[in-house]
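These notes concern the structure reproduced below.
Going in written order, the chains are labelled A, B, C and D, and every chain counts its residues from 1.
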Amino acid sequence: MPIEKIAISSSGKTYYIRNVHEDLHTKDGFLKKDDLENAKNGTLLRSNTGVEFFVFDPALADIYKRISRGPQIIPRKDLGFIAAETGMNKESIVLDAGTGSGAAACFFGMIAKEVFTYELREDFLAIAEKNIELMGLKNIMLKLGNVYEKIEEKELDIIVLDLPEPWLAVGNAFSALKAGGFLVAYSPTTPQVQDFVIEVSKHSSLMVIKVVEISEREWEVKERKVRPKSQAIGHSGFIVIARKLSS
Amino acid sequence: MPIEKIAISSSGKTYYIRNVHEDLHTKDGFLKKDDLENAKNGTLLRSNTGVEFFVFDPALADIYKRISRGPQIIPRKDLGFIAAETGMNKESIVLDAGTGSGAAACFFGMIAKEVFTYELREDFLAIAEKNIELMGLKNIMLKLGNVYEKIEEKELDIIVLDLPEPWLAVGNAFSALKAGGFLVAYSPTTPQVQDFVIEVSKHSSLMVIKVVEISEREWEVKERKVRPKSQAIGHSGFIVIARKLSS
Amino acid sequence: MPIEKIAISSSGKTYYIRNVHEDLHTKDGFLKKDDLENAKNGTLLRSNTGVEFFVFDPALADIYKRISRGPQIIPRKDLGFIAAETGMNKESIVLDAGTGSGAAACFFGMIAKEVFTYELREDFLAIAEKNIELMGLKNIMLKLGNVYEKIEEKELDIIVLDLPEPWLAVGNAFSALKAGGFLVAYSPTTPQVQDFVIEVSKHSSLMVIKVVEISEREWEVKERKVRPKSQAIGHSGFIVIARKLSS
Amino acid sequence: MPIEKIAISSSGKTYYIRNVHEDLHTKDGFLKKDDLENAKNGTLLRSNTGVEFFVFDPALADIYKRISRGPQIIPRKDLGFIAAETGMNKESIVLDAGTGSGAAACFFGMIAKEVFTYELREDFLAIAEKNIELMGLKNIMLKLGNVYEKIEEKELDIIVLDLPEPWLAVGNAFSALKAGGFLVAYSPTTPQVQDFVIEVSKHSSLMVIKVVEISEREWEVKERKVRPKSQAIGHSGFIVIARKLSS
């Protein structure tokens, strides 16, 4: 069932409404179904306890936020960087592995023409399928399979590996990329980065472009209280960007 | 004249070839026009001094890199973050100001459906026009105008302000956004961030979602030499993301 | 009562023992008073449940760790930086304000010849006095007073202001410093930094040397799990270092 | 020859004067020897071209800055952190290896009771000796020797290894430390950190307390231009702090 409306309370809490024909119960009181049914994009409603709620049609950003929770998800700061560095665009054919909950595939699916996403576990594919449906994306191909063993696609623009041993997929990824295509590995630890770079270096037509960490630091800005937040966002992963230079 | 081919030397230096019917002179010798004319995507050529060059069709990532040089350009790490946080996608209608060389507009144009870009100076618009042509993008509307005074578009999904006084555009931006739309300001200094946040806070239907800095740290990975690079990439700008919650 | 022994369990938990003539109860069982009484520096004891404890004489580092808990304390990374930048040494005469729990004064007291520490509140001075006693330091002068109004000392080498409005103390600090002496302000927010720098700039013989933030990033290193810790240490404060150049 | 005076021009440039009986030539004109001879601490002089110079007696911070130039030196941010974490104080007996130019030994010598510093190369020891003399420090013992092979001292409080293969010194360092003492390794790369931690872990009485990176970020603060400096200070080294828990 899709998300029909988003309600954000004046305190900043977000609610995802799947059925506007039911009352919405929140910790700040409830919103009546009659009000929800009639709400247009941007309507201001009041709960029974008088708290204001902004109600609007969900943007993809809202649904994506909803499906991309959890510790194993690549954060947006890193996905945005990968898209930016590889020049991902409306013509791009992208492959990602492993699928997990499908969040990265959905992210790429918002930007790219077509996304192939490989996953070993059927239970994860089922979760991913629901998330893709929630996002309303039609350009994502779920594939049960192991990229360490085989990649069926050819002439891909971008491959993103979020796997424990990305070096095991380098050979298959190389064959599946077109000349000029990008191979990206996302890994939390430095020994993984080392082993991936060593494997990439064995291919004379693959070149490591960049190894980076992206940090996001949030600030508090309220009158004179202008300062980085006390709690920083910690480490997520290193991004290795390699490129196939010759076919 | 478009970029016809990219040549990357084995030492990692990139050359943008606009005319394959001429010899390409590099600091590692020259590539013959006959070879360049016949090169397919991913062909390996050798210069007269024996240096290897990979020759391939330019990806948008290559052309973007070419046009986005210079100190005033928003770095890719920040553009990627803005796109990721706002959920920019193939259906998005985006406005950015000021255009400058058009790099940000081109970046958004790779992802979004349509981009309106406002610039005060005609000479900058002329540069931007050439860059957009080089990128081959058809969905960017160049507009001579001042967003402090007027924004003609309505129901926009995302507005990105890269201006010295973004707070002067908040009122017009608010009117131009649809409910649920995002207003982003990019500013190098904290007093600019403060003033923008103060102005946003005057609108009860605008909510500051996040104030962040994105840092990119590059690593060196060569055998046992695994370490952050000595020269870090410095500060570029603070990103304020606000949202219009009600119409 | 001083800390007589430190016990560190094999799981890394630290216990501060003030009375070796009593059993020590821990969440890993208890250590017998007979064993504690006879323990030398570095003795290995076992609790009644078989857990190993290393028992040793407290170093100043241990006692300092004990007294420097709490959110309002300047972290060691910042105190170490202040000492390093000002060249604090065995001959230095240092003043700090406000005293708070006395942690910063104790830190400087470990290094400097003499420390004067100003505090408005008598209850804080009482806490500080106990902490100084615990550290066994004899070179710290507790002073009830307000540096915004008066500093009695002259020819000081270093003044460190950890106060909400450090700019109000600039004039007095200037008079109290010797030529070549350092004036340091520690502030969590950028507007405080701005106002302090503006005030310093009014004195032609005071020069701002540096405005910095010091970040500490902890790593996890266990076999192949080599990575920055997920939870980063957040922002504490900005350090402004100014210098008096002429008398 | 010691440094007799420091002159800082109003533009912030520092000059180290070894002979006040000679004119000082600067890029902002020259200061007359008569003026220099008569200058007291904090005297304001004017060059022949009218530029102001503050002249004062050198603080240890000034001389230390002078001797600690060069890429191989441990930066002050890191030395300050090491001193702070180990609780280095006026009673501490410290050992450092290798000496290099002696900068770290001088830094520790300003704080500790006694510093033993080991160096393999006689030419480096000669440079270090001059720097120690310049600092006027009497508590530093220069030792020609290799800590991988032997450490003669016993019951040390703190050992700091700034060596390419610090793991080779762990056994000797362990024997030389007192129970409760600290063993610190400073290394630029992660594989060095891994190998040091592995070696430390083989000793059941050594415990790794912390692996950290310290970053220093400088800010620009001029009226409304409040922002991190464009050029960040890059990576220097990782600090591993271990402790000997039992004798």
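The working rule: contacts are C-beta pairs under 8 Å (C-beta built on N, C-alpha and C of every residue); 3 or more make two chains touch, one makes a residue touch a chain.
Model, not experiment: these values are computed from the prediction.
Student: Same or different for subunit A and subunit B, when you check if over half of the residue numbers at their contact belong to both copies?
Tutor: Mostly same residues: over half of the interface numbers shared.
Student: Sharing over half of the contact pairs with C-D by residue number is what counts; pick that pair out of A-B, A-C or B-D.
Tutor: It is A-B that reproduces the contact pattern of C-D.
Student: Which whole number of Å gives the spacing of the CA centres of subunit A and subunit C?
Tutor: Result: the chain centres lie 43 Å from each other.
Student: Using mean CA coordinates as chain centres, what's the subunit A-subunit B distance in Å?
Tutor: For subunit A versus subunit B, the centre distance works out to 21 Å.
Student: At least two other chains touched by the same residue of subunit C: list those residues.
Tutor: 190-191, 194, 213, 226
Student: For subunit B, which residues are in contact with subunit D within the complex?
Tutor: Contact set of subunit B toward subunit D: 188-192, 213, 224-235.
Student: Spell out the part of subunit B that touches subunit A in their complex, as residue ranges.
Tutor: Within the complex, subunit B contacts subunit A at residues 6, 8, 12, 40-44, 54, 56-62, 64, 76-77, 79-91, 107, 110-111, 157, 178-182, 190, 193-194, 197, 205, 207-208, 210-222, 226, 238, 240, 244-247.
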